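Presented below are the structures under discussion, each in the form of C-alpha cells.
In the two complexes below, subunit A is the common chain; its partner is subunit B in one and subunit C in the other.
And now, the complex of A and B:
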C-alpha cells in the first residue's frame, strides 16, 4: 500500500519547491480533483507546483523511497481521468514549468518545457514562419499533456499526430533519474524506442520535463471547402476517395445537420448554407495562389462530378473560416451544454467503416433511449461519440453506459477499430482496452510498467489496473 | 427590381503598410479580399432580389484592373451582372472623390431602384462613401441596415441598428442603404456558380465613359482631403493588476467587462 503524506514529507516538499508552492487540504483548488469531463474524481493529498526539472528529480526520489503516489497534471483538459490522483498522494502541477527554451531555425526544432500551452506554441512558431502541425481542438492543453496522450487533432490526415512531431524528450523516471531520449535528430535507430514508449504513456512511465519538437516552414496559404451532400452515407463514402484522389487535405471533418444544430444554438448563429443534411469540411494548405487554385478546382470538380456533392463552397478568408470553423470548434461545448452529463467514446476505425459504425450508433441510441450525438475526424476515422444523460435517473444512466459502451466497443473491434484515437485510456477506458488487446499484450504492458516504475508510484491505476 | 451593389477589394491582412511620404496605403495585389462588410451588403442584396421576381443584382467596384477578381467573386456568390470603373486618373481619390466616381458610374448604368453598400471598408474605415453617393445621386439613404422587413413596388421597410437602439424605416425607391455586419449569414462562393460564370462578361467603364468626364473632379485632383502627417498607431499595451478577495475580484472583473460593454 501507499504511504499517506506526513508532515515530514510536506517539510521535504517545502524544501524542494518552497512553501508557497505546497498546498494541502482546503487550500487545494476543487477543480484539481477532476479533468475536463469530470467523470472521475479524487482529491490529492498535496498539490505541488513545480518550476524546475531538478525539483521533479528531488520529488520523485523522495516519493519513490517513501512509496508516495504521484500524478502529473498539465491544464487538466483530458477526457479520461488520466490526471486525476485516484490514490491521493502528490498532484504534480506542471503548468508553471512553461518556458519556450529555444527555436533552432536551421535544425527546425523547438525545445519547450512541458507546461507550455499548445496555443502559445502555435503563436510563437508561426510568428517566425514555422508550423508545429498537430492541431488538437483543445488549444489550452499543455504540450506535455499532448505528448502524454499522443494527441491527434484535425490536421492528422496530412501531418500525422503528436508522436510524429516529437524528436526528443527529457524525462524524469519514477526513481528520480533523468534521461534524454532522441534529440534534434531526424533519424534514430538507436536501440529500443524509449521516446515513443513515453509518448502516449499518460504519465505512467516517466515525467516529461522537456520536449524537442519538429517544425516545418509555415505554409502561407490555406483554404477550406464546405461540401454539402444529400446524406451522411454519401458524405462519408466520399472521404477515402477524396484522400486517395488528389492533393492531400490537411483536415477532413464530417458535419451533420443534427450536430450542427447544437452548435448553432450554442453560439447563437448559423453557418452559411446550413440547410443540407450532411457536409464534409475539407482543408488544404500550400504556398502559392496558383497551386491552391488548381488544387481547389480539381477537388471541387471531383466532388461534384464523381462523388455526388451538391456543390462546393469556398471558405477562403478569415471571416469565412471563422463563420464555418467556429461551429465545428464548438461541438464539444455545445453538446455539453445541451444536457446534464455526458460520457464519451473516442474510437478510431479504418476510414471505410465509419458509415457502418455510425449506423450502428444511431440504432443503439434508439434501442437504449439515450441521445447519442457525435462528430468526427472523418479523414482519420476518429469519431467522438457522446452519451447524453438528459433526464435519466442515475441507475438508468449507468446501465445505459454499461450496455451502450460494451456494444459500441465490440462493434468497433469487429470492424478493426481501436478504443482510443486521441483521448487516451486513462482511468475510464481500461477495461475496454484490456478486452481488445488480450492477455499477451497486457503482459507486455505490465512488464514495461514494472521496469520503469517497480514501486508503481507514478500515476497508479491508469492504463493498467 | 434593379439592385446595384458596391464592393471593394481590401488588404487581406491587418498588417498594412502605408507610404510614409504620401500617406497612401501600399496595396499588395496578391494579398487581397472582398471587404468583409460587402459580404453582408451582397447577402442582403441577394435576399432583396429573391423577394421580387425578375430582380437583378449588379455589382460594381472602383479600382485597378486587378479588382475584376472581386467582381468575379460576386458572381460566384450570386451576382447577376458586374461593372468595373477603372482609370489611372482615379488614383489617390479620397472619400469624396471615390463617392463621386461611384455615383457617376451608377448614373451611367442608370435605371436602378436600390444601391446597397457595406457600412464601411476595413482599409478606409470612414463609413462615409455610401451616404455621400446617395447625396451625389440626390436620393434618400438609410445607414446600418441589418434586415429587409417588407418590399413593395414603391419602397421598402428596413431595420437599422444603432449603438443603443434599432430603427425601423420606410424608404421610397430609388434609395441607398448601407449594411451592418453580423446579422445576416453571408453565403460562400459556389463552385457550381464559378463554372457557370467564370467567363461571364464584366463591364468596363473609364473616365471618358462617365456622365461627367472632367478629370479635375476625380482622383487626387478631385480630393479636398490633404494628408498632413502619417504615423504608425501606438501599439503599447498596458496592464493593470487588481488584487482582492475572490468576490471582490469577480465584481471588479464584472464591472470592467460591463464598462467595456462586453456584458
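And now, the complex of A and C:
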C-alpha cells in the first residue's frame, strides 16, 4: 500500500535537509523506534532532521506524491505510541526546529517553533515576567507534542489545558500546503475551528510548524499546602468542596502513602510530614502577600474545620517545595523503575467520581492479581493508573491488560468519563475510544482524516485504524 | 436542488411536534425572516417550534431523506444572517427548548438546553454562588446561539470566550443521529475535537441540543474604574500596559465622546464625569475588600503616573455602575436608532494595532463620505464598526459598503487581524473570510461540511457558499 523508500527518495530528502540530516539503517538511533512508555515499537525507514518549515513543505509534497508515510516526532515523551512510525517510512524529527521566535509583551503572546521544550518556554517567559500556564509533568516534552495531544498538566484546575493557551498555529498539511489559523488575537469566530481541530489530533491531520501562545502576567506569589487526611476517601471527597471555595487553586494533587513510598525509594528521601495515610497537595498563586495569607488562612480553617483534615502544612520555602513537588513529579519514573514493564490508563472523570473509580481499581487489582499503582490530578479528575507486570508471564500479562483495561474503561464510561484526559489515543487506545464515541462520531473522525489526508500518509494508524 | 415542502412533509412535522407548533404562510411571524441586523432576509416555508431533542432527531431524519433545508434559530440576535433561512425550508425554532437541566455544584457544571437565555443562566447560577463568565452584550441571546458563534463578550480579557466554557455538547447531526462529545470533565484528549468544531460552526454542522458549561465560584467583589484621557490614542495605547500589569482586568472597554453622545441621546442621560474626550472603562473582580482596594490603588497610580490618565473615577455604587455600563451597553441600539440602516464589521486585531485601525477607519469615513461610528473591546482587540446609511441613495450605500468593507478587511489582514472576533461569518461575511483564510483552508472547510452534511441541508449557504 505504501511506497518503500528508495534511493531516489533519499536523494530528494538530502537535497531538502542536507545529507547530514538524513539517517538510515543502523545510523538511526534505536530510541527513535519507541516512545517513553515503549509498548509500541517500529523502525522508521529514514530519520529526517528538519530545521526549517519550508523543508517540511517540500518533504510532505514529495511524500504525498509518492505515498510515503510520515510520522512526526518531538521529544518522544508520549505514552500511547503516537510518535512511533508503525508503517515505517519517514520519521520527521522536529527537535531541531526549536527557536523561540518572538515574545510580544504588549499582545502577551509567544511565537515558537514546535521543537522548543516546555522547560525552555517556562524559563524564557518567566524571566520576562510572564506565565505560560499549562504545566504537564514532562518538562522535556516539546510544545509541538503538547499541542498535538492537547496536554493538560497540574494547573488545569485554574488555568485550563494547552488548547486554551494556543492563539494561532501555522500548519503544513499532508499535501505540503501551509496554512495559518488564528493569530495574536484574543477572539476568533472566523469559520470552522481548524486550529482547534489540529490541537489534539496527534500529528495525523497536519504538522505544526509554528505556534502563537497566550501569556499572562506572572503571578508574584505562590504557595503550596500539604494537607494530611486519615484516608484517601476523605482527602478526595474534600476536593470538589475546596475548588468550589472562593480562592481557586492552581493545582490539587492527591498523594497516598503507597504511591509516596515509590517516590521515596526512587528519590532516596521522604517528604516532610510523611506519616499520614493520604494528602492533598494544594497550590495557590496571587499577587500580594496579604492576599495569599488571607487565602491560606481561609482554606486552612476550611480544611480542618469543615473537611476533616488532620493538619495543614505550609510548603513555602524553596527547599520544602522542591521536596514535595519532586516526590509528586517522580511518580511515573518511580513506578516504572519498580517493575519489569508497565502499561497505563489515563482516564478523566467528573471529579466527584474519583473515589468510586479508585475503589473499583483496587478491587480489580486484587481480582486480577496485578499490582496497579496510580496517581493523578484530583482537581481535574484525570487519573494515571499503571498496570505493573512484575513477574507475570507474557501470556498472563497480556490477559490481565486485556481484561483489566476493558473493565476500567467500561467503568469510566459508566461514570461519564473519557478514555484520555491528556495523554491522547495514539496507537494504544484506539479500540477504547471507538467504544466510547460510537459509530456516528467515528464516521465523522474518519471523514475529517480523509479531508486533511486523502492518501493517509500522515501518521497513519493513529487515533483511527 | 432542494425539495419544496409538501403537505405530506407538514403532516410528518405535525406528527413530530404537534400541529400547534407547525406554522406556515401568513402564520409565520415576519420577524423570523431576518436577524437583529436585518440586512439578510428570507421567508421560511415552515416554522417548527421544538420542545424536545428527540423531535429534532426525527425532523432531521426526515429532512435529510427528503432534501429539505433546515435553518436553526435561537433568539435571532445575530448580526450576519446566520439564522436566516435563505433557501426557505424549515426554520427550526429552539426558543422553547429552554430548560436548565442541572447545576452540579461539585463538578461545577451547568447542563442546559440550547434555548436558555444568557440572562437566565446568569441569574440562575449567580444566585447559587457561581459564575458563567462569558458576557456577550446581548443578554437575550440563547446559549445555543452563543455556542454556535463562539460568542466573546466583555470579559474575554480575563476569562476567555464561549469555547473556553463549554465542557460538553450533545448534538443532532444532519443525518438525525445524536452524538455526545466531552462531558463534565475538565480535560479531554480523546480523538479529534468534534466539540470544538461544532462550537463556532453557526448551525451548519450539527444542531446543539444540550450543553454542559463550566462554572467557577462567583467572585465576591467587583469594581469598575472610569479613566479619562486627553485623547483616544492615549487611552488605547494604555490598554496593553494595563493588561500586562499584575491584576488582570475582567474587561477593558474604550469610550469616546462621539460614541457616548449616541448613548446619551438614546438613554436621555449622561454618564458621570462626562466631559472628557476619551475613557477606558476597566473592571476588576476578586474575593476580598483588601485585595480589591490594593488592586484599585495600584492600577490608579499606574494609570495616572505612568500612562497619562487625567483622573480615575471609582464606579462602585450600583447606581454609578448602572449608569456607566448601560451607556456602554446601549451603543449598538443607539447607533441603530441614529440612522436609517446600518451594516457592521466585527474585526479582531492584535490589541496593539487598535489605534492604527481606528485612524484608518476615520480616514475611510471621510473618504467615502459615510458616517462610521464604532465601539469595541480594547482589551481583546475586537472592534464593532458601523457603517450608517443616513440619507445615502441605495446605489451610493451599496458602493460605500463594497469599497469600505474591502478596504477595512484588507487593512485588518495586513495587521494580523481576522474577519470576525465574535459575530461570526454567517451569510454576510463569507467573501471576506475566503479572502483571509485562502484556498487550502477553504478546501478543508468545504470538506468538513461535506463530512457532516453530505446533502448540504443544514443551514446551507452559511460560512461557505
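In this text, the second predicted complex is superposed on the first by the 465 of 465 C-alpha atoms of A that agree within 3 Å, B and C clash if a C-alpha of one lies under 4 Å from a C-alpha of the other, contacts with A are read in each partner's own complex, and residues count from 1 in each chain.
Simple rule for what comes next: contacts are C-beta pairs under 8 Å (C-beta built on N, C-alpha and C of every residue); 3 or more make two chains touch, one makes a residue touch a chain.
Only a predicted model underlies this, so the values are computations on that prediction, with no experimental measurement involved.
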| item | value |
| --- | --- |
| First (subunit B), second (subunit C), both or neither touched by A:191 | second |
| Subunit B versus subunit C as contact partner of A:128, first or second or both or neither | neither |
| Partner chain in contact with A:363 - subunit B first, subunit C second, else both or neither | neither |
| Which of subunit B and subunit C A:420 touches, first, second, both or neither | second |
| Which of subunit B and subunit C A:436 touches, first, second, both or neither | second |
| Subunit B versus subunit C as contact partner of A:465, first or second or both or neither | neither |
| First, second, both or neither for A:351, with subunit B first and subunit C second | second |
| Broader residue contact with subunit A after superposition on the shared chain, subunit B or subunit C | C |
| Contact residues common to both interfaces of subunit A (with subunit B and with subunit C) | none |
| Contact footprint of subunit A on subunit B as seen in their complex | 12, 30, 33-34, 36, 39, 76, 185-192, 194 |
| Residues on subunit C engaged by subunit A in the complex (per definition of touch) | 104-109, 129, 149-152, 156-157, 160-161, 163-164, 173, 175, 177-179, 181-194, 196-197, 199-201, 205, 216-217, 219-220, 240-241, 243-248, 287-288, 290-291, 294, 346, 348-352, 377, 379-382, 416-425, 433, 436-438, 440-441, 444-445, 447-452, 463 |
| In the complex with subunit B, residue positions of subunit A that touch it | 226, 269-274, 289, 297, 300-301, 304, 311-320, 323-324 |
